[in-house]
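There are two complexes below, and they share subunit A, which is joined by subunit B in the first and by subunit C in the second.
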Partner chain A sequence: MADAAPPLAPPRRRHGRRESVWRWRRSDLAIFALSWIAGMGLCVITSALVAFFAVKGAQYLRPNLLVQSPSPSVSQAGSGGFLDPIEGTILLGAIGLVIAVPLGVTTALWVLEFGRPRWLARIVDSTVEIIAGTPDVVLAIFGLALFELGLFAPLSFGQPGGAFGRSFLTCGIIVSAVAIPSIYTATRNGLISTPRQLREASYALGKTKTATIRRVVLPAIRRDIATGSALGLGRIIGDTAIVILLLGATLQTQTQSSTPILGLLRGTGSTLTSYAFNASPAGDGNAPTKAYAAAALLLVLVLVLNWCVGRIGRIGGPPLHTERRLGA
Partner chain B sequence: MSILAQRIRIEPQAEPEPAIERLRLEDVSVFYGGIAAVKNVSFPIHQGEVLALIGPSGCGKTTLLRTLNRLTELTPSASHSGRILLDGEDIDEIVDTELRRRVAMVFQQPNPFPMSIFDNVGFALREQSRRRPRRHEIAPDVDRALQRAGLYREVRDSLDHSALRLSGGQQQRLCIARAIAQQPEILLMDEPCSALDPRSTATIEDLILQLREDLAVVVVTHNLQQARRIADRVAFMYLGDLVELGPTEQIFDDPVEVETREYVAGVFG
Partner chain C sequence: MLERLRRPWPDHRAEFLLGAVACLLAVAIVAMVVFVARGAWPTFSHDGLSLFGSGGNVDTRIGAMQNTTRNPPASAYAIHAWPLIYGTILSAGLALLVALCVSLASAVFIVDFAPPLVRRVMGPVIRLLAAVPSVLYGLVGILVLVPLTANHIVTTEQRRSVEYVIPLSGGVAVTVVLLALMITPIMTALITDALESVPRPWREGAIALGLNPLRATIAVSLRAIRPAIVAAAGLATARAIGEAIVVSMVSGGVSFAPNPADGTIFLFEPFESLASTIIRNADSISAPAIHSTLYAFAALLLFSSLILSLAAYLVRLPLRRYQSTS
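Moving on to the complex of A and B:
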């Protein structure tokens, strides 16, 4: 009996002869070179940013800063830590997402699935683009003007001639606007790339459009929604202008009444961004080392969020729609 | 000997004459905009038979199939004339969701929903009532549908796993289980084996032959050998016209029309 043949091993991957880059037309070569320079340049800038704050963080970020509340002091040593800004960041992120996720998802659903008349759907689509392009400080000024109306006093607290207008609630409402475009766009793209056959399979089982969307389409695009939400959360926790104008500019969290949750929501406080701004040489806090520490922590949060976005993309088995692989 | 060749050949003539007429098409034409994709087609479909629609690409087979459960209404430019009667009732008079529960459909590409195997089949049963039935209430029906689709033994220990992780053949059988879970009267199948390997194809074909005992099956296929293996009657369509309809043996061995003869002989396709 002959010996069993050895198992087939794949050969080393190799390409056939290719045309040299130097033989390309100059315009093609220029685009090729610019793409490389832009990509590498961005990498260098990001790496420098991360490296800078990694060094500063290692230098100034101490565990006690994470558990101490900020306190008013002229010296850096006596100005406490940034426990309240961390809590404020988490609370504002939660409020922002609670408002932005349903709004972003349902708006995208309406525009793509039910949007009639079409011109109205196009207007809504453009509106989201306008919100995405509006500077945060403009949103903040508008929010302040809006929530200072006496009508909105329950969201903060009343004062003669109107309302204070600054609280976690008012800030959360306005800051949700910066997250809505990410969530809307991700949901919209998910809906567009959902295979038509999937909807038809549901309709063919005698399901209504609403049942199809609720039970088939939304589960199919949950990764897109999660990715959009994570990106939106990144925008919320990274926002400064809205926080400075609408969260009350108190470094410590101040509740508005003894009511446990409502008092906190109507109260004022700070986030890591507003704390970093306040502690930086541009602010009033005069605590640059703590500004570096808070900024380093913020950067870590953003990097963790980015990592989460990547992980979310792999949850729940193979994707239903084709995803473009990066790279040649 | 190939897997397909080893299969038991079921002679269409050996079957009793189908009696109950479930669906009747009367002068049905289907249009996309101003273009007629199907022209004045009339024929009945009986309980207990497999009717195969054959013909070259673009001849209107799939369009005709999708008209039978009004899926063409999802295409904005599509319209149809003539009448389609389900148990004597015009399908345009039946609420679309009810019609599609009675006339179920399996598509060319397996299209499981992004949920568990159990929920894929349960979805068909759950959404029918206002009150969402509990798992234990629908479990017997889900198991029965999976058994009828010949999938139960393979997935009984993994009913809560994602349906997207099944093989192509298993996914298609899951889609069949999903379609028959609601106990439809008619099962429409649009090239159900075209994306499958020969072994899975053989399984699905056996399944079709078993299913016809309880319902009428209409299959669109490009595979003439498949039509010959599974169909009791074959309808040949060409350029939107129903050229010839008759018993399988007649269509393949002694067709009346020249186009049919040329098509089954492979002169064009």
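Moving on to the complex of A and C:
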């Protein structure tokens, strides 16, 4: 076997001919270019939006606006700042979260951990989807219809004759509905991606299912719940329609009675969104500079919340699961 | 008492309690349908199908309803809401068309073509764009885009040609741009998630067979996620038809039915949608006839958004089961 056939050489790689975009068909090239334009366009629009409100905020946002209450006045100088809307935003966000977080987390826990009977779990699951798709105006109208009932009169700002259904409490109850879907989805994704071994280890130690959920599963998905809550809070403070219809969007916070906390909860008021809406030419205020200032402050809040969402995901080392969804 | 609560709960009690809370949401949805329908009943029963008809002026009708007293006669409820329904469908449809193209293109860009650095930026950008409150879009619209179109794009001749009918301002064009901007991030996020869940070997197989990466994405990935695209479009449409604030700020405030036969002017004609009419008349909701009319509009919105989101849910169901097994 002197002249054994030389081993088959691998096919020689043609160097310098990497798959190049420029060799594509022209129609493909056009679509490729369009996808670049769309992607970069979104980036440009977002930065333009942020820059626009940053400039307007720097122009019109003054420290004294943050500490003065708004007052009805014809002149721009006399109409005060927006202390009350800021307080309203915080209060409404707090009420909304206090209601939405337990509801969203509980629902997700039940659907994924228990979920019997199956058909009921499926109904509840689709219910959350429906809530996410329901326009906020419709939610607000529902709130009006619900809290106009005499039964709920103690919850709202009302005259002795008949309840109006408008107050921080009623508005908070309805506005929590816009936060529930994001909390539910985040909790759900966290539950799905929690390793099964974690639960099984707990069962092996003789824990009941309830104890496992409380001591093992819930701590494991803390971060998902926090992310969902931050997203939900962003939806709450950004909502306008519900505030206009159910909080009254009055210029100043009005308490129902002099009872310290209950009076405020039953009172009416406004948030930054409704303030910006009313101060714009669409409302009756017609004070564009104030609207810009309130909007800039609102955007700062949203930016901070968004930053928190990104931040929460990274607290305390890499997460148990690496799955990161955009549409959480 | 406290001691009893602190003891670990038996599973069946915990299950029952959690289930009860979860079912509360389902009950709330049913209650919502019932309450809104009940409030809308006078209008539906008095108007019948003529509610969906055209003719008459919506704005003057609603204005006339202001003065109704308790238990108004049936004639007080008469309204032909076609311009509003048409405006809702028109604005949401056009916005969906724009947003679908943009979000498909940008989702493909994010998943398959963006350089790693850009991809890392795109996530937060999309999330931020989705989180921007609608008032901010409305403000940009009413303080920047509407004056811009009114002063620089609409010509004086165009304005004069319809002077006695409608004012030309931002109208359809600005509303559609803003609505599209609002729903694009939602759709992009959903489509990106779906694209990322397509198994890599599928697309790589197509590339190995000689397709270029773009063709492979279109032929394999986009085909595989068609249900997700439909679902995203459904959810986005539900968002667009229900958007009240932006539309009420920029649409022009006249319940006119923009006519595509008018040519370019069509883009600047004012209109109103169902949701924006509710917001616009929120102050006078205590008048019985207006109360019932606005509830009827809300019922229409609720009905269509219910169908859209249920359809989106059902379409996505098989895909979702497949995603969650990962």
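The criterion applied here is as follows: the second predicted complex is superposed on the first by the 284 of 328 C-alpha atoms of A that agree within 3 Å, B and C clash if a C-alpha of one lies under 4 Å from a C-alpha of the other, contacts with A are read in each partner's own complex, and residues count from 1 in each chain.
By our rule, a residue touches a chain if its C-beta (ideal position, glycine included) is under 8 Å from a C-beta of that chain, and two chains touch if they have at least 3 such contacts.
Just so we're clear, the structure is a prediction, and the values are computed from it rather than from any experiment.
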Touching partner for A:L303 - first (subunit B), second (subunit C), both, neither: second
Partner chain in contact with A:Q59 - subunit B first, subunit C second, else both or neither: neither
First, second, both or neither for A:Q197, with subunit B first and subunit C second: first
Partner contacting more residues of subunit A (subunit B vs subunit C): C
First (subunit B), second (subunit C), both or neither touched by A:S71: neither
Subunit B versus subunit C as contact partner of A:G206, first or second or both or neither: first
Subunit B versus subunit C as contact partner of A:A38, first or second or both or neither: second
Contacts of A:P219 with subunit B and subunit C, given as first, second, both or neither: first
Subunit A positions touched by subunit B in one structure and by subunit C in the second: 208, 211
Residues of subunit C touching subunit A in the complex: 8-11, 14-15, 18-19, 21-26, 28-29, 31-32, 35-36, 38-39, 101-103, 105-106, 108-110, 113-114, 118, 121-129, 131-136, 138-140, 142-144, 181, 184-186, 188-190, 192-193, 212-215, 218, 234-235, 238-239, 241-245, 248-249, 275, 278-279, 282, 285, 294-295, 298, 301-302, 305-306, 308-310, 312-313, 324, 326
Contacting residues of subunit B [partner subunit A, same complex]: 69, 71, 74, 96-101, 104-105, 107, 109, 111, 113-115, 123-124, 127-128, 162, 164-165, 175, 178-179, 182
Complex contact set, residues of subunit A against subunit B: 195, 197-198, 200-208, 211, 215-216, 219-220, 316-318, 320
Subunit C contact footprint on subunit A (complex, rising order): 19, 24, 28, 31-32, 34-43, 45-46, 49-50, 52-53, 102-103, 106-107, 109-111, 113-114, 116, 120, 123-124, 126-139, 141-142, 144-146, 177, 180, 192, 208-211, 213, 231, 234-235, 237-241, 244-245, 273, 276-277, 280-282, 288, 291-292, 295, 298-299, 302-303, 305-306, 309-310, 323-327
